[in-house]
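Here's the structure we're looking at; comments come further down.
As written, the chains take the letters A, B, C, D, E and F, and residue 1 is the first residue of each chain.
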Amino acid sequence: MRPSGRAPDQMRVITIEAGATRHAEGSCLISFGDTRVLVTASVEERVPPFLRGKGQGWVTAEYGMLPRATHTRGSREAAKGKQSGRTQEIQRLIGRSLRSVCDMTLLGERQITIDCDVIQADGGTRTASISGGWVALRIAVDKLLAEGKLAADPITTQVAAVSCGVHEGTPVLDLDYIEDSAAHVDGNFVLLANGHMAEVQATAEGAAYDEEALLRMLRLARIGCGEIFAAQLKATGR
Amino acid sequence: MRPSGRAPDQMRVITIEAGATRHAEGSCLISFGDTRVLVTASVEERVPPFLRGKGQGWVTAEYGMLPRATHTRGSREAAKGKQSGRTQEIQRLIGRSLRSVCDMTLLGERQITIDCDVIQADGGTRTASISGGWVALRIAVDKLLAEGKLAADPITTQVAAVSCGVHEGTPVLDLDYIEDSAAHVDGNFVLLANGHMAEVQATAEGAAYDEEALLRMLRLARIGCGEIFAAQLKATGR
Amino acid sequence: MRPSGRAPDQMRVITIEAGATRHAEGSCLISFGDTRVLVTASVEERVPPFLRGKGQGWVTAEYGMLPRATHTRGSREAAKGKQSGRTQEIQRLIGRSLRSVCDMTLLGERQITIDCDVIQADGGTRTASISGGWVALRIAVDKLLAEGKLAADPITTQVAAVSCGVHEGTPVLDLDYIEDSAAHVDGNFVLLANGHMAEVQATAEGAAYDEEALLRMLRLARIGCGEIFAAQLKATGR
Amino acid sequence: MRPSGRAPDQMRVITIEAGATRHAEGSCLISFGDTRVLVTASVEERVPPFLRGKGQGWVTAEYGMLPRATHTRGSREAAKGKQSGRTQEIQRLIGRSLRSVCDMTLLGERQITIDCDVIQADGGTRTASISGGWVALRIAVDKLLAEGKLAADPITTQVAAVSCGVHEGTPVLDLDYIEDSAAHVDGNFVLLANGHMAEVQATAEGAAYDEEALLRMLRLARIGCGEIFAAQLKATGR
Amino acid sequence: MRPSGRAPDQMRVITIEAGATRHAEGSCLISFGDTRVLVTASVEERVPPFLRGKGQGWVTAEYGMLPRATHTRGSREAAKGKQSGRTQEIQRLIGRSLRSVCDMTLLGERQITIDCDVIQADGGTRTASISGGWVALRIAVDKLLAEGKLAADPITTQVAAVSCGVHEGTPVLDLDYIEDSAAHVDGNFVLLANGHMAEVQATAEGAAYDEEALLRMLRLARIGCGEIFAAQLKATGR
Amino acid sequence: MRPSGRAPDQMRVITIEAGATRHAEGSCLISFGDTRVLVTASVEERVPPFLRGKGQGWVTAEYGMLPRATHTRGSREAAKGKQSGRTQEIQRLIGRSLRSVCDMTLLGERQITIDCDVIQADGGTRTASISGGWVALRIAVDKLLAEGKLAADPITTQVAAVSCGVHEGTPVLDLDYIEDSAAHVDGNFVLLANGHMAEVQATAEGAAYDEEALLRMLRLARIGCGEIFAAQLKATGR
């Protein structure tokens, strides 16, 4: 039995509120249960130095957690003067995931920065960030298309992410904080709409896991991402 | 005529949603028009080193702005590795303002940290932070009182803040971003419920101002803070 | 009775020694009693990035305190690797105050940096810095005028600053360290030669203050700045 | 055909020179072809703050690359003043991997730090680091056992890692730099001696990959880790 | 002929004004010609961690240059967030030099920090700092002796420093900025009152130098330090 | 008697393995006994900002010590976020020493960076770095000459360095760690092939030293550098 009473293959309630902030070219507030992440997409008509003059764009991401998003207050990274290894690892993952569905040549010489700020944390903040990141990116790109700044749609398909783990011997989908703390395996699966994988990361927290456990988690991830893909379409009115 | 069409002594719509996040001991989402700040109060049973063993508590504040809270994306302070002078100035002001209505001896050896994170900015983020800070602090202290951890209420009165300025020759209340950018004088007034001042900061952006302008801004501030005091009471159910 | 035996409206002895260092385009050593600040003005024929090509200049300030300027040694900010919030707040105030009397268009595309280094501290270091900053700036601008680098004088008037506070119930002028530590209200007033205000900052350290106290402090500030204006003129031979 | 002429399931030559430095409790110089990493294990009789008094130990890792380990010189992280996101991600992975085969309770209140410094890089530096890390850890723990400081062996089994990828449509084992730069999928597999997984990370660099590709890479990883396990035993004289 | 018209073995005018600041336990303003350094000695009743409980004291030094001490303004190290290699090298030299004449056991468990802040620079700031450092240290120690906090004098002898160089083929004493910029050899000699050396650093800026040049510089250094020793005694009333 | 049993004028065994890494334009692994330093020379076709457009090149050095190069593990400078004063002092010395034998005009507008990374430390790491630095530089320059990128050889002569000290009253050559820890005088001598000095640094660790000691150390340094010069020639095939 899961602490939350959910079935092993049951996601938490997903909500995606598009247009959550006023200034960003794209934005949403995404919730996976009690995990809430505010995601914005900012379009800038310049690219990072390593891409200048190459006729292509860039999508990058930054991630942050408000100090009291968690059960006990964490120190503010801006005050500490550096981002933790965890933060950097997560924002690199978000950026890679979104780039996997974006044709940089079609984007032109502009950068879209996806900011993912965790308002409230209850497990799965990185997967919610990726899933909401696609929505914010989609809205921002739609705006560029509507304004005639893009000739063709650079977004090739949907991308979504969900966590899976092995909790008390049972593979389960979309871990909340309590499960995550106790899980023996903790995996994050970034999938495209066709079911292919953009990224798999599966870590044994205690005992190592075997091939069957990996495949069962992957199957759960397909179920969860299916739900997220539907919610993304609904949020973006597609 | 103000760009927003408001009368010179007219505040923007104020809303305060208490209990905006799940983990913090106190929290609210405060809006002054399009300015939205998420404020949390975190109670920790320890005090900073300079107060250890003195039998008194501390209230401090931190302030941050999400990168895309503003019209164009600003860089993330955690990524830059330091807080700007503006950020530090604001968080010092918030902390002083809230300490001015809190009896540190009655608080006992604990610290309450007020985190003010600007979700969306349209002028007045520091005054909204102070005003919402009081609500979050009030809720957190009420919780400590209800739990029997405090014998007496350390909060002596309400504190609220509002900006005033001189815009095209007219003193006006609660400047939004457009007015703020064009104002000749920019003032922040931190007032207590009895009308006394905890802090006044009034800066000439262009031509200096005279005593009459200062007093007229102060009068406007009393009007604005009156409204905020009412909203604070309503939000905290007092 | 004030600890120093001064009357409530009595400044400490002000001395301004112009030309205190050899290399700077303008400089002075200013003393408010035992508070001594070395101020230099450095002219550079370039402006910060946000002003490039706009045909105007910039005046900025930096502030520092020698580690043993104070009663007990403070740590060196260069060794700690960052400037405190207090330092940043003060240097921003000094810069704003001096810019309030300088026409940036007449200054041309050059920057004048005012460095204020506190040699010895006994209260009022920021107000001495602003007051001495004007002298250093005046001397540097006179040099530019004499060299024919400026067609017209960009300095519009004098600016000076003084602290006022409420000490044991009595509004007093130009607080020294002992008074400052015990004052219930601590205000800094930046005034122009015509009596108008460039900046007012008045903070309640304990009990809040009322309008009368604010106005009485402002009156004291006018008296104090009057003395400083005279000393500035004498130091610059005007 | 692979650029190196190797068969798809062919590792580069693995060499492990145990005892490569004089001072460390355990050390080795491990090579995967032209990739060379110097690994040391340092035993300290203290644990990080979060573990103090809990009667258990800790294994952690740090990773660095000499500035000219690569084709063109990279800047020195110590000179830049911070470790890159990549460095932090890698050293967190190494630490997790080694902890997955170490019983922290049997280790007692001591920390073993594995330093992995890349002398020469040609792809696979993180997998060489994990594989060599086990050797250095094994030697250091053997020393503790021989000295009677440990009552029982805390190391539960072997751990090794190897990269796999999809290069020009073919899953291949142990990518060198040229392949790594061109691969469509880049995976790192951390396996235990029983074939179970401690960590899988597989990233699509261009097109996403399907389940079959993941499983074929996993099969290659088993082949590669088998060779590494044998080399580890030989190097440690087991 | 030297640019200043001095003879090769002629020092600039040395002045040492003891008691230059009010708060420090020892202080002086030392000038070597136009080079002026404010030196303070701060006594603290604690030692750095590596000496705790060992029954001995410590003497350390910090060095800084005001931004406009030099011909053109240098950036403030506190604003840049780090001390340059030059600054660190100099303050390490000052500390070592002063420790060479101080018996740490007799000093007891206290630390004396020598702060050397260059008010105006014209070559020789490090040697003036060492020479003035001894005066500030001597005064602070005399105060401790007078207060009965020290049973015996920990200062064993005088230490002074002077720069020598080879300028246009001629070894010269006490280089000013112009000579220093053009010198082929630049040496700093730290000598004790008995003529022995605490430190010699002699660097070829262009052509290397031979043994004779080294010895001739050493002889000049003895002359210069002789003058400084006399000025130190006069300044401290010995 | 020296702890190592060596005669006072006896160097440790010197070995220089040229071409120790694959990517660098020049490299060597140099050992002075148990001290081992990996040195690489990296050629870049650009110069630092202060030299741009001046038609000359630059040689600079960076120094690092692997965390467990020493008896007990030191913290990694990249993790601490800054280089120690010692590191900066050493890398400045290495750079100066190598520049003293390189004609920057003949080098053209390119920079050669010498990276010295200490693999294992047993005293004398900076002198081994300088001595090995010459070899790496020589190889890199020979490569530039062979490729026709340089018209004339910019290296004017050999430079080598060795430490000398006074150990238990006896001047000794090439101190190892045990001697270095106990020595009363610690000197580093950087000599050219003609016996002239590029740099002398001699520091009293306890009692000051006299002229005779300095000269005796210099004589020992000539003996030691003679051996190093021979090893350098052998390693570079000259």
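By our rule, contacts are C-beta pairs under 8 Å (C-beta built on N, C-alpha and C of every residue); 3 or more make two chains touch, one makes a residue touch a chain.
Predicted model, so just to flag it, every value in this text is computed and none were measured.
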{"item": "Both-way neighbours, i.e. chains that touch chain F and touch chain C", "value": "E"}
{"item": "Chain D and chain F, separation of their C-alpha mean positions in angstrom", "value": "33"}
{"item": "Chain A and chain F: spacing of chain centres that average the CA atoms, whole Å", "value": "50"}
{"item": "Chain E-chain F separation of Cα centroids, rounded to whole Å", "value": "28"}
{"item": "Contacts with two or more other chains, residues of chain F listed in rising order", "value": "81-82"}
{"item": "Going from chain D towards chain F, every chain in order around the ring", "value": "D, F, E, C, B, A"}
{"item": "Chain D partner contacts - residues on chain A that touch it in the complex", "value": "82, 85-86, 88-89, 91-92, 96, 100, 191-192, 194-204, 207-211, 214-215, 218"}
{"item": "Chain C contact footprint on chain E (complex, rising order)", "value": "21-24, 27, 34, 38, 40, 42, 44, 62, 64, 66-73, 76-83, 87, 113, 115, 117, 119-122"}
